[in-house]
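Below, each structure is written out as structure tokens.
Here come two complexes built around chain A, the first alongside chain B, the second alongside chain C.
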Partner chain A sequence: MSDVTLQIDGKQVAAPAGATVLDAASAAGIVIPTLCHHERLAPFGGCRLCVVELESRGQHRLVASCAHPVEPDLVVRTRSDKIDRIRKSLVELLLAHAPDSTRLKELAREYGADRDRFEPAEGFCVHCGLCVRYCAEIKKLHAVGFIDRGIRKEISFLPEIASRECAGCKECFPLCPTSYLQAAYVLVEALAFPPPPSTR
Partner chain B sequence: MDTQAIARIIDKYHGEPSSLIQVLLEIQADCHWLPGEALELVAERLRVPMSRIRHIATFYKAFSLVPKGRHEVHVCMGTACHVRGAPRILERLTDLTGLQPGETDLELKVTLETVNCLGCCALGPVMVVNGKTHGKLSPAAAADVMKTYE
Partner chain C sequence: MSRVEQRLTSRDALEQAIRTAASRRDPKKRTISTCGGTGCLACEATDVITAFRDELEKQGLTAEVEFRSTGCHGFCEKGPIVVVDPEETCYLQVTPKDVPEIVSQTIRAGKVIDRLLYVDPLTGAKSVRESDIPFYKNQKRIVFGPNRKIDPQRIEDYLAIGGYRALAKALFDLSPDEIVAEVKASKLRGRGGAGFPTGVKWEFTQKAPGDTKYLVVNCDEGDPGAYMDRSLMEGNPHSVIEGVLIGAVAVGSHEGYVYVRQEYPLAVKNLGIAIEQAEELGLLGKDILGSGFEFHLKVHRGAGAFVCGEETALLMSLEGRPGEPRPRPPYPAVRGLWGKPTNINNVETWANVPLIINEGSAAFASIGTETSKGTKIFSLVGKIANTGLVEVPMGIPLRDVIFKIGGGIPGGRKFKAMQTGGPSGGCLPEALLDLPVGFDELTKVGSMMGSGGMIVMDDATCMVDVARYFVDFLTEESCGKCVPCREGLRQMHRILTRITQGKGRQDDLAALEQLSETAVEASLCALGKTAPNPFLSTLRYFRDEYEAHINEKRCPALSCKALISYYIDPARCRACMICLKKCPTQAIDGGKKRIHVIDQAKCTNCGTCLEVCPAKFDAVRKLSGVPVPPPPPDDQRTIAGKANEP
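Moving on, here comes the complex of A and B:
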């Protein structure tokens, strides 16, 4: 495929057609913060932390760079006051769910986010979908999925599959930015297929 | 639950995974809920992972993972119906059936639900029973409507 030339933070960057803005930026050594992105998984666009400002044909737009394909002559800004302000608010909203997540604390330091800006919210899951997508797309096991919607949306293991597959895999555990996944797993294990006492 | 009836519904869609929601809607219409065995059959025949079926079945309010009654009563609680006395209609129906919104009686006759707006505010207060709209209700009229359903 032919390459597309675009400008990211004033740098001319060539990227293969069909690549995302995030791919093009990381190939050029420009760091865009992400939370729900995983290079082996299809773009999800869930956390919006990778928001960047685009300028094409005189118009400005804010897009999630992990899901936006490169276009010829696109001008991309990955840091500006506006973007920093948006990322700060996003991190603050995420912190309301997971105030002690290491990854979120790092981001909070970088963007000056206040962890107490929003009332602590129930549920430590930030709905990045990494575990659900990893299990479905890479392991093809579908042992964990989302249930319900809106503020009641949560991840949930399927005990029938989890009891069979998870003990030997657990590859999604390190992906979770908040450790909520491990808690959900321990809960389903205790409820549906508790290990015999000797192995604990 | 009739496994063959479920299988017939699934076969109508030639095992097309994209017809998942249509299949679930038909099972819901037939059984008034989505029994676990039916969902397993759907997962197997349509080759759709159970996690996705569960996601969809819990996402849409049209689906229920617990048995619902033969008659589904939806009482509108929208603003227009509210000011025209919807709370009194609901109170009358909860007295009559002994059910709180969201509950189903043990004989699986009636499920009482509230909805936020049915879109026909001029008819308020409104309730819908099995898809039929009853408008300009009084508590007594709502009770009379309920008597026509067995």
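Moving on, here comes the complex of A and C:
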């Protein structure tokens, strides 16, 4: 595919058509923070940490760089006071769920986020969907999924599938930015999976 | 009336059918139109309709009198509504018992029945004709008006008012490009929320590469209290179908879907009947009107979440996937339903299209403001005398909608704010009432057109609590996919709740503003992007109320329960003992000839005493932000003279 030229943080960058702004930035060595993005998964656009400012026809707007396709002559800024302010708030909102997450603590340092800014929110899961999407898109197993909707949405292992598949896979575990996934798995395992015969 | 049953295989055949249908309608013939819309059906309209059919039969008038059960007339609050033509006599709140009298008096003897007429609550003046009622008089009902003229279950009725003529024009007189140009020139903008220029959107889909293209009608209508799309779909489904067909010719689509909210059974039914009848007549399906053009329309019943009205979520839901928005671009015009170019418009948008093609873009564009053309249907509710669906020309001042059409604020109260645009719209103060209604006009002042909700609030409304209420609704409706909306709204709701409970902190407003910026700028879809509007607009126009709550623990509207106290004014209490008996927590101390006193420790702020204290005594007060005065000393609590009388 033909290349598209755009400008990121003042640098001229070429990227193949169909690439995302995040892809183009990474290729040029420009780091944009991400949380819900994974190279092998379809763009999701949930955490919004990767927001960048686009300038086109004199208008500025923020978009999620992990889901926004490159366009010719796009002018992109990956940092500004506004972007930093928004990333700081996002991290603070996430810290209300998972104050001990290593990845979030790292981001908190970078953006000066206060882990006690907001009242604690229930549940460690930050709904990045990495586990669910990885299992569905890469493993095609759907052993873990979301249940309920909106603010009450939760991840849940499907015991019939998980008991068969997860013990030998666990590929999603390292993807989770919090410790929730493993905890949830351990719980389901204890409650629902019969111990394999060898351990008896 | 006998049905037109033959397939219409040419434009001439359509013209013939229109002439036949129209000729069966003698304008001098007595016609009774009874509203059979959902609102009226909720108050006995079915019985009224049956009673009319029986009575006309009984009095042998079925041939002489045309009877029609129609869709919503808009003034649902006063339903069931009956209009007798040609005199246009309008009867409100008709019951089955009134029917024999209407038939013998109005139909036979030509007399008006006074007690069924509209009475102006302010002047006491009565209106006989529908168009003399202030509620209707100040409207411009070009899209919604035909509802009264047709029985939505009879395609002949739609043909009788020239229905499907615009389709014929689109098929035989105009090229697809000319149709798009016409819609562009009309400057019609989407009525579903974002106000995107319809013609421009059609052009995107038309130009998008691909052979298969879909059209979608958005009839999800999730705004609580809004029902204009339902009423159009129930009352005039053919106008929507005709609009879609014209769009199909323009963009080159052969298949469309109507996504109807699950809770709209009558809309689904009437739409289904309309599609069937249109298919029978060759107005839908293969070789439409002998032109060779083919288009199929299917109905899909939606699962009902508010966010499913958002176009990308709606398409997901149509595909049978969870109704969550996805990032745009790609826009549906390029990659929509099943990956194909898809043009999605709101019900009201589609219903405007035949009008534009029939009357021409110039006529349409002659109504409205520079950037907002035509009319808009609003659902006018809240603290207002006349509630209902109103269609007004763009550019009309808000003040006229509230006072001329809506009849002002009832109960001797004062206007305080008007919320436009649905749950994520903004609240506008009195000072902005001369603002002309329009997309950009409303956005500029921190509100929006949305799909056309208008909620009027009086001076007893607390604006902080209003913001809390809408943010609560939106938090519940967030699909949960993105952080600024799901987490941000959750925290905003917590903070707003805290403020209304008198636990607000000095840094709360800054936190709310920061969360608002995050949601507006960084949310994935327009739900999150607009959700802070109720907060931002109330902060902009009613900041003093926030400050009173936070700094003085005072609710200026005397509405927030945690911030008010009930108090009996010793100078006014006449010891009638009514409140004492009614207080559910026995918090009132009193007795014969003894001034009553509320024990603040026992009082739960239920407000019963205020409600029951006789107006002539008017002794109970609400206080906020001030200490409750101590009760009079015991020896001064006896009322001299006769108790019970002022």
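Rule of thumb we're sticking to: the second predicted complex is superposed on the first by the 194 of 200 C-alpha atoms of A that agree within 3 Å, B and C clash if a C-alpha of one lies under 4 Å from a C-alpha of the other, contacts with A are read in each partner's own complex, and residues count from 1 in each chain.
We take it that a contact is a pair of C-beta atoms (placed from the backbone, for glycine too) under 8 Å apart; a residue touches a chain by one contact, two chains touch by 3 or more.
As the structure is a prediction and not an experimental result, all values here were calculated from the model.
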item: Contacts of A:Arg149 with chain B and chain C, given as first, second, both or neither; value: both
item: Partner chain(s) touched by A:Val75 [first = chain B, second = chain C, both, neither]; value: neither
item: Partner chain(s) touched by A:Leu41 [first = chain B, second = chain C, both, neither]; value: neither
item: First, second, both or neither for A:Ala136, with chain B first and chain C second; value: first
item: Partner chain(s) touched by A:Arg85 [first = chain B, second = chain C, both, neither]; value: second
item: Touching partner for A:Ala14 - first (chain B), second (chain C), both, neither; value: neither
item: Touched chain A residues, chain B compared with chain C; value: C
item: Touching partner for A:Ile161 - first (chain B), second (chain C), both, neither; value: first
item: Doubly contacted chain A residues - partners chain C and chain B; value: 146, 149
item: Contact set on chain B toward chain A in their complex; value: 49-52, 54-55, 58-59
item: Of chain A, residues touching chain B in the complex; value: 132, 135-136, 142-149, 156, 158, 160-161
item: Chain C - residues contacting chain A, complex; value: 305, 322, 326-327, 329-330, 475-484, 486-488, 490-491, 494, 511, 514-515, 517-518, 521-524
item: Chain A residues within the chain C interface of the complex; value: 43-49, 51, 61-62, 64, 67-69, 82, 85-86, 89-90, 93-94, 96-97, 117-119, 121, 126-127, 129, 146, 149-153
